[in-house]
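First up is the structure itself, then whatever we jot down about it.
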């Protein structure tokens, strides 16, 4: 039983969404990665959304590109917090993905991160921050992770 | 039993989507208008998409605004032709609606019309054109409707 | 005599529009591919639009890029359903093609698909869905095609 | 027989396109204003484009909004210089009109002006500038018109 | 001691951000609303971010418009989950606010909601969903709130 | 003494603007190509604009990228027709160039062509069309050039 | 002899640019406001740019809308620091003004502020900040002005 | 003690920001380059902004990409003039960086330059222009630098 579900619309989203998995791994947060295509496997989507809570997930991270309906449709099906990652699209660089995910109507939220890999990493971090509310040890790991990042910033740029 | 289903995400889409109903009425094409919210009533959406064909619908016209998932999700659930109408949104004038509807991945098409009322009228017309392939009388009514529009164009502008 | 006309503005659109041809081929829908340039061969366009119906076409799929006038102009000349494919353009990635095709005024619809190859594939699929209304065997092939796509989606992403 | 044809897609474009007529009137350039809808009256468009030269027009000013195909289609049908005015559209403020007019493929030019009334005025002025190449008296009127505009600019802003 | 901090860049953001407060009130989630201007009160921002956790806040909802730096800067200063609301801006309708909030670099996430009031409501709902992970009673209230919204959707549109 | 001045903001615009020169050459229209940088050589710009008419130019084709001020500033300085070519820019693909050239205020027109090479070719063609008003031989060459292009369009696409 | 020149393209820019004047007045910085239209009064522009330094100006604040060439052209003509204010335009809300001002090529800078009144106020403030480098009393007034603004921010929003 | 601080959000901004350093070097203006990440090192940012003036800096040049908060946050913390450079971002080519930097609210200005290297060069030049107000020798070097650039512009383009 994992705390975070990382779902994505297709195999091609994995190189992006792997960044979420990586950072969750670094923070020792359990996760499962699955492919759930809103458009090609709508039954799987429906089933996943309906049962995400009872499967024991606490947070859902969902990534998709183009007319990206996956995060919003999961958010329609579960009361769990859903974080959306706009995957960079071919023609429009992910601006379509971003608007399709973030512009949800009042009532059904998706917490949206940046387009692409940075967004996937940040979805992992935000999921961790959410779980850390009730998990002090995780909170400390998160604080330490952030502190290490801060410490790694050089004072001056190098040629 | 109606030929065309006109579905929309909320009551607030009706002033736009009514244009589809109006033109279908003029062309004597049967339709039913329903509210199916992808985000607030995902079960209704799932049910509708799954049964649209057996309910006897031949074409689905779907309108929604913002992160507009309704047309694409119906298209994921039925093999019937789905036409999408991007309803004008509050902040972004419907560019979000348009991209959310039109940028579907290969495999699940939505035939998308213009943003707003023109798009809704045209969804009705395109549904009629589709049905007219197998209905000569409708084809004639459509041709006549178009001819009347042509005839109504003045030669010169009036102050 | 083919059911679907696939027309495009220039030879350079063929790598995109071929995706429509391919999927129609897979679904055993007859088609003819032609070059009809709205801007370089306006007479051919006029002739094509005027006679598309009597040539026996039932659906027109039209692709063009930039100031893409082909789909809309054909839609002005025939009452057949016209599906538009915005071909990716050089400078603006197809956002110009998309708006030129989708933003038609009330009265003359073009059912618009996604920018680029996904859109061309989907135009083929939507044409098939339209023809399937009156062709049960095609409907079954389409349903099977979709089911195969659904079945091909893995449960989990692979590195 | 007028030197400039001012054509527009619909009566609703006239309040914009009238600005072109007004400035041509001030400069004593003859013009005729006509409605030629690319989408509702494609035959009229074809006829107009084919005969514009033999009707004696020397320059065509064409205005349209949304998926604005009129200027480019006329340019496809005549070798006369065609100037395009993107009329402000309802949902997208004319950015669709602009891209539909200006992004023409190599081979068929439309000289495009600004969105809306400023563009219409400028289409009139550019038409006059074009005609002034072969008409010294008009050139002088144009120079004077410009000089008067220059002279009318105050040195300091007034509350 | 409140669970949710609702912070905003200026008094003028309150009509938007009040939607977050309202929905939190409906769900009986405690909150405090404060003005923290990233640009006019950077010390207050720094202080708030640094102490948000020890003040007992569990989630921060932050709204701002234009070059909206508040959500991201708070996220830089605390490991608590930060949800961002892009407030509609004067000239650009909030697209600037959206990009300024959502496009955070890897390492510092803000979970971004839709532009304007819908986004503020959804920030409240997402904060509640986050808190509901560790609060079953709240989870039940949230589920009920959602169910009531679902039940309120009419089957058919009303003129 | 050449009929057309082809001016550009920098040497780096030449690969684009050469397309204008090429088509003018094909049509046997005389031209001169010059670098006139609005920003680096404002005196040369002022001088060029002021004297373009007396130098014997009849049409000015001006290309520039980014904050592209060259076409509009020349149009401010001469009553000759000025055609603008938005050169593709590094970061924004020429949408900045396009808006900087086309969105001129009422009173000072620039006839704007497409972004990049297509636009440069078309500026050459439009210049020729303008000159052809008073030059029947050129008109015939232009008509022939267009006819050859029409004849070169294949009926069907080739793999 | 004033330290700051506030120039604008037309009288209609004054309601925006007055915000620059107002804040300079509050900070007791001397200024002169003038209309210098790049397009209607190019000679005045040339003269102004060439002589701005010898007239005793130390900073130029320039505002314009649409294809806004004024700030960049002044920057081409003087080595004084030039600050640009994109005035909100009719059709495109100032995004055209912004890109026309900010996207200057390397070599000729304009320091660009926000679209509209906020940008004009900020141009005044930035001009003051620039002058304050060599004027301690002004620096103190500026610091005090900023502190007063900080102090005026309420702790909590008011209904 | 240097006159200009060149700060940037990360090492990856250095290839862009180096252009500012280079031109300041050419003009013999002293500078220091530092990495100050608004998001990863918010304390360093706070410290830097608070002490920039007492460290002896006269102008701050700040570059960042994506949700670029660095320039605006420094501007919130110091009364020194702050110049912002939008670094080109991965997905959106820097339009997000630009809007995040330029659209500051009234009261806290950042003088924004073009996206990318041109903008960084120009930030250096504008900093020099600002310092030249009180340094005649620098003014002369700047005038000479500009004159050399003018002289380097060829009269005609070379193949």
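Each chain gets a letter, A, B, C, D, E, F, G and H, in the order it is written, and its residues are counted from 1.
Note that contacts are C-beta pairs under 8 Å (C-beta built on N, C-alpha and C of every residue); 3 or more make two chains touch, one makes a residue touch a chain.
Because the structure is a prediction, the values reported are computed rather than measured.
Between chain D and chain H, the least number of touch steps comes to 2. More than half of the contact pairs of E-H, counted by residue number, reappear in one of C-D, A-E or E-G; that pair is C-D.
For the pair chain A and chain B, the distance between mean C-alpha positions equals 33 Å.
Note on chain placement: the centre of chain A and the centre of chain C lie 35 Å apart, centres being C-alpha means.
For chain C, the set of residues that touch two or more other chains comprises 10, 40, 66-67, 91-93, 95, 102-105, 107-108, 114-115, 118, 149. Applying the touch definition to every pair of chains gives A-B, A-C, A-E, A-H, B-C, B-D, B-E, C-D, C-F, D-F, D-G, E-G, E-H, F-G, F-H, G-H. In the complex of the two chains, the chain F residues touching chain G come out as 9-10, 38-40, 42, 46, 49, 65-67, 69, 72-73, 75-77, 89, 91-92, 95-96, 99-105, 107-108.
Residues of chain F touching chain D in their complex: 19, 58-59, 79-81, 83, 98, 102-115, 117-118, 121-123, 125-126, 129-134, 139, 142-143, 146, 149.
Across the interface of their complex, chain A is touched by residues 8, 10-11, 13-14, 17-18, 33-35, 37, 40-41, 44, 66-67, 90-93 of chain H.
Against chain D, in their complex, chain B makes its touches with residues 88, 93-95, 114-116, 118, 149-150, 153-159.
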